[in-house]
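The following pair of complexes shares a single chain, chain A, combined with chain B in the former and chain C in the latter.
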Partner chain A sequence: MESPGPATPRNESRGIDASALLAFAIRFIGVAAATYLGLLAVTFFIGRVIPIDPVLAVLGDRAPASVVERTRREMGLDLPLVQQFYLYLKSVLAGDFGRSVLTTNPVMDDIRRVFPATIELATLGTLIGSVLGIPLGVLAAVKRNSIADQIVRVVGLIGYSVPIFWLGLLSLLLFYAKLQWVGFPGRIDVAYEYSFVPLTGFYLVDAAAQRQWEVFYDVLRHILLPASLLGYVSLAYVSRMTRSFVLNELTQEYIVAARAKGLSEARIIWRHALRNAAVPLVTVVALSYAGLLEGSVLTETVFSWPGIGLYITNSLQNADMNAVLGGTVVIGSVFIAINLISDLLYRLLDPRTNAQ
Partner chain B sequence: MMMGQAVYQPRRWLVGITFLVLLMLPAITFAGTPIGTLVEAFALDEMITMDPGEAFELSAAEVNANVYDLLVRFDLTDTTKVKPDLAESWTVSANGLTYTFKLRSGLKFASGNPITAEDVAWSFERVVRLDKTPAFIIEQLGLTGDNVTERAKAMGPDVFALTVDEPYSPTFVLNCLASTVASVVDKKLVLDHLKAVAPNDDYRYDNDFGNDWLKTHTAGSGPFKLREWRANEALVLDRNDQFWGEKAKLSRVIYRHMKESSTQRLALEAGDIDVARNLDPNDLDAVAKNDEISLSSAPKGTIYYLSLNQRNEKLARPEVRQAFKYLVDYDAIGTTLIRGIGEIHQTFLPKGVLGELEENPFKLDVAKAKELLDRAGLKDGLSVTMDVRSGQPVTGIAESIQQTAGEAGVKIEIIPGDDKQTLTKYRARNHDIYIGQWGQDYFDPHSNAQTFASNTDNSDDSKNQTLAWRNAWNVPELSKQTEAALLEKDTGKRAEMYRHLQKEVLDTSPFVIIFQQIEVAAVRSNVKGFELGPSFDTNYLGNVAKE
Partner chain C sequence: MSTTNSSTMALREWLVSERPLSRWQASLGRFYVKWRDFAANKLAMVGLFIIISLLFIACFADLLATHSPVVGDLKSARLLPPSPEYWFGTDDLGRDIYSRVIYGSRITLFVVVLVALTAAPIGLVIGTLAGYSAGWIDAVLMRITDIFLAFPKLVLALAFVAALGPGIENAVLAIAITSWPPYARLARAETLAVRNFDYIKAVELIGASPFRIVLRHIMPMCLSSLIVRVTLDMAGIILTAAGLGFVGLGAQPPLPEWGAMIASGRRFILDQWWVAAAPGLAILIVSLGFNLLGDGLRDALDPRSSDQ
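Moving on, here comes the complex of A and B:
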């Protein structure tokens, strides 16, 4: 028998009616379009007002004045700012994000190459963070103020407050330099670099699909340390949030009722309390995932991980604005998508949102 | 209420943790890098193109020096001279205007195409007509888009003639031809990869001379050929088995982009890379103690200096210019901040260049500086700003100068900035004091003489924006002397003229030249024959071997 709590995970009203869905879709598209336009405009104008001459980024410091002037004209930088933005928008709408100055490739080609590296890392990091963080959070909540709770709190606080590049360097020193447990910075060992042809850009998936288990193991050895590090940071956040959500649930009346009925403590915590806590927890995990997808610049730098964070930072420092704008649009899309997904998940997990 | 231990089902997540720990256990460890492959860790983020007609970055120059051949190359036993490369001999006409090169016969590019005088002529044509950043090095010999096909011409299958516009010193002409921009490109191969462009007022040709393709491909005849370059990740060279000289000992060289000194050090110590190229002084000290690692170093053509903008009325006073030269603690900087990566050097020609002058007369002397400031009417000192390119060792040096100058009553406010941001301000002449580095454009004294001692037009829209111009240092007399040295045929006399120019600049200029860069590489001991040259385009890989 189910407990009669106000937010039981039973879903009786699965049917979402069509007009509501349409309204939702229209509103979503409107918001997304406005967000994109704003995103592009802000990034574009910031790119033009930073005190770096974009021609310098293309040519370096030693170009003669005549070449500088000609390049300025070629790049359209002599046109009025508004006209430059209009031309840029026009080419973006035609699907052309321009070329990166630094890599000479079309920006979208670059992003297709660097983004999978970040997604792979962030996904594994979030998995590690949630798989460990949620049970730890539950443990801390149930055994509130016990030694276990204190340990979880301290571990979480360290993960939250210690600079990640420092942790990264220390862990490299220990696990790579001293113990030789994990691979050298980068995604894959030099020995495989030219025998292994990645198809999707997700090396773990590619290696597994091609049944190259030796490569798979090597990739794992490379990704494990940076992913664990990101996982640790995500764990710190997820466990703290889980603890407070579960604590909140445990004080609810339906828990008392469940206990009164004589349900086992395990059932009460895992089936009732956690399931209700899961609703806000989805948002927490999704936000943490989105944060990692944005690219953790410091982790990517320390581990020579060719991901999107490093790509955008490098581009920004070199005033390579096409790359920065392209990257911003992609990350903006990821944020919008993840918000949408967590919104949908929220609806699925919490039947009350359907009833409206 | 029951609160039994079984409640938290610890076994389930224990299994999870155990599984993760198991994954982390070591198994097969791959000791070292593959045989026959050299792996270098190198900060490659500045690399934006591989086209020798366009690239002007030091890392690209190094790669291209191993991929392309030139007509003549620097003689590493005496870098004031050049030696034959693709040209086996050359003559200069009596009027000093025409240089005729006889090419070695029967040579092939990496593609298998024969190397002919036609390829040489076309290489000059594409550089001049593309007119990218480094093109001025050969354009300054009088070549323009209109005359290049006449003045740089194949006179036969293996005879190439270059006609210059003034009777320049032959050392100057040959030194220009020994720089990367004059690399000989495989015409037949590149013609297959032309991209059509619409001509306009700025660019009057209907194709890109293969520029787009050559950004990421190579078409050379050197000991290596480019296999792949992934920006900010890696660059891979394979041996060119068609190479006409002694074949490279390595079959592959991989440059891996790694920016962090500490990461490079860890990878080097673990044997996952063979060479670390960007270690900072602390990491260099640490690896020097390792028996399996040795250091290789060479002075490079980059000098670090600070300069005073002469548009600031106070900094323009001659005594103030002098005073600043006494306000730098050269000894302290040399023994701490640049230990191992630079040596104190106060003249504008780097060591190894024709006409170098080994004179470092200035020492920290606060009393003397105070006296000079006093004479300049600045008894109470002055306040100025200093734009500093972020990163070491420049930041440390700026702080050291801030402190020593403070002792003489000169208050310096440091404005730290990203490289390109600081440069943008410097190039617009909006600074008070700038501190940073300057790498010579090509290996001839004229390169640095022109930038430090010549300013032919001090107006804001000058076509000739040298460093002297950037600091608004108006020196018509020195500019004339710089031009004169260019036409001096006698090498000994030419060198003497540059020594004179350096003394003038040392004494009176708004430049306080502090040190010359030394490049240091940390190399694992199973790598043999790794030697750095006096410039990045002489860091050759052909003789490097691995045991």
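Moving on, here comes the complex of A and C:
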């Protein structure tokens, strides 16, 4: 964005800052709006244009002709495509994705019920991945080309290459069936399912808030394995990026200066190098969080975790397109929001980009 | 002995010659230098070995398989553990899992090659076009690319296949639709880097059409980084395809697709673990192979971005 610099000689810096900030805000809102519009256009395309006959998809092929005709009109399929898209936009913005054929509830109600489970799982996964991944990445960068570096690299590469649903199955075999360390299936044991009243839908938080430590322990036993698996995927990405950021910082001159000053190596790495690497790392952690929200689809299927991923795959198997598209829009919206926010954070945190 | 030694020496001399006498010698020499860098990287060689083995297995599946991949022995061979007769055991329909894994390599290759052949050219065309034409065409194309880049790939692919109907071709289509944007970004960046070079100015002066310039003079410059990126993405493509197969949207029975095989082994995981174990291991090894190969290629072809 160009700033009208020469036109405002007095009060120079403040004037430019404000107008640059405004231009940035307008641009940001424009990008966000375009991206969301794109998401809705694609889901509209998937739901209404690709199926040869959406009415057939809803009613099945045995409905009488009069019902088919009525439904076609009710769904607005006799209208021009542009108008259909407008109606679709209106209903989605109002939070209306239609009814699920499978559960007969409005899709939005279903999603509201299952989404906290996914958020809880992905959040814990990201926590595990970052808490382990960042130190491992730093270690790999500092001891570059050592055995430790090679091990971190191979562990990361396997994380990039392993089908998570397969690893989930094998870990169930080991930790649930053989060692009996973890609970399965779902989020909580049947014994507590009816006595425990969740408030927020985040079971760990709810159990802790109600001081039901027995329930808390049971919930922890259930969430630990799927969250660790997602954490591993996140670790693979976070450690690799951390290594590359820290390596990049370690070649900078300020590190040489810090060494010349006689600072301890630990202080140089943790206080100086990592601090500068932290800005891009925030973006990496945010992106990995978004990736886990999406990646939970397959993990939830394996662990019968009642989140949005399991909801989508169950609906898929029952050709319940309203539910599939509703879930896609919700995951897509959160995904895009995280992308945009991490972009924004990067610009705000890095003084060099200074709202350009 | 000494003659072969001196002749290889001469060959090497000829390859790394500073003054190649023909275009052919120059490109061979360049290839040799890159290959030397690449071959020094042990992990990359492991990756190359895995991928060559995959090609070999897919080619000679008929000879390597010991049983039919689709017809099983329902009467006497259901869910048998690994044995000399059935190396990886048998599944619930009495089919030999080893033979199914061997034939599954063909499906994996099919998916990977088809996605690479559709997504990469789409990205290449959009990226070079945007980069060379600049102005509003660039703005519009890149806006669209960014929008697609911000979408969740797996979930979108799921929704696409759900609408198109399950099947391996639709899975390929869905993956291709969601995976071209990074290639477009990459191709655009490369185009911006070369478009102001003198040789482009020279062909412009000669009067070459923009179409010809993009096709003959810009696209070739994008290829090496594009190949690296595609190789690195192969693992992700394989995992997505296997994931689609796992939820029942990819290859349909009785095709021996690895993801679908894991799904069919899911019911028996606690007692007959081998049904799901072998296909998952196959996916892991092949994805790892592509990742190692991609890393090595990047280090050899693009030294700037190594260690990233």
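Simple rule for what comes next: the second predicted complex is superposed on the first by the 268 of 356 C-alpha atoms of A that agree within 3 Å, B and C clash if a C-alpha of one lies under 4 Å from a C-alpha of the other, contacts with A are read in each partner's own complex, and residues count from 1 in each chain.
To be clear about the criterion, a residue touches a chain if its C-beta (ideal position, glycine included) is under 8 Å from a C-beta of that chain, and two chains touch if they have at least 3 such contacts.
Note that the coordinates shown come from a computational prediction; the quantities given were computed from them, not determined experimentally.
Check whether A:Thr35 is in contact with chain B, with chain C, with both or with neither, and answer first, second, both or neither.
Once the two structures are laid over each other on A, A:Thr35 reaches chain C alone.
For A:Leu172 in the superposed arrangement: first (chain B), second (chain C), both or neither?
both
Could you look at A:Leu77 and tell me whether it touches chain B, chain C, both or neither (first, second, both, neither)?
Neither: A:Leu77 stays clear of chain B and chain C.
Where does A:Leu250 make contact in the superposed view: on chain B (first), on chain C (second), on both, or on neither?
neither
After lining up the shared chain so the two structures overlap, which partner does A:Ile50 touch, if you call chain B first and chain C second: first, second, both or neither?
In the superposed model, A:Ile50 contacts both chain B and chain C.
Which holds for A:Leu157: it touches chain B only (first), chain C only (second), both, or neither?
The answer is second: A:Leu157 touches chain C but not chain B.
In this superposition, which partner touches a larger number of chain A residues, chain B or chain C?
B
Applying the touch criterion given at the start, work out whether A:Thr328 contacts chain B, chain C, both or neither, answering first, second, both or neither.
Only chain C; A:Thr328 stays clear of chain B.
Thinking of the overlay built on chain A, is A:Ile336 touched by chain B (first), by chain C (second), by both, or by neither?
The second partner, chain C, only.
Scan A:Leu224 for contacts with chain B and chain C and give back first, second, both or neither.
Only chain B; A:Leu224 stays clear of chain C.
Can you give me the overlap between the chain B contact set and the chain C contact set on chain A?
Common interface on chain A, chain B vs chain C: 50-51, 169, 172-173, 177, 301-302, 317, 319.
Where on chain B does chain A make contact in their complex?
1-4, 6-9, 12-13, 16-17, 20, 23-30, 33-34, 37, 39, 45-46, 48-49, 56-57, 131-136, 202, 215-216, 230-234, 236, 254, 256-260, 262-263, 266-267, 269-270, 272-273, 418-421, 423-425, 427, 439, 441, 462-465
Given the complex with chain B, which residues does chain A contribute to the contact?
50-53, 56-67, 70, 73-74, 100-105, 110, 113, 128, 131-132, 135, 138-139, 142, 169, 172-173, 175-177, 179-182, 184-186, 189-191, 193-194, 214, 217-218, 220, 224, 259, 264-266, 269-270, 301-304, 306, 310-311, 314, 317-319
Along chain A, where are the residues that touch chain C in the complex?
Touching chain C: residues 31, 34-35, 38-39, 42-43, 46-47, 50-51, 157-158, 160-167, 169-170, 172-173, 177, 244, 247, 290, 293-295, 297-298, 301-302, 312-313, 316-317, 319, 321, 324-325, 327-328, 331-332, 335-336, 339-340 of chain A.
Where on chain C does chain A make contact in their complex?
143-144, 146-148, 150-156, 158-160, 162-164, 235, 239, 242-243, 246-249, 259, 262, 265-266, 269-270, 273, 276-277, 279-280, 283-284, 287-288, 290-292, 295, 307-308
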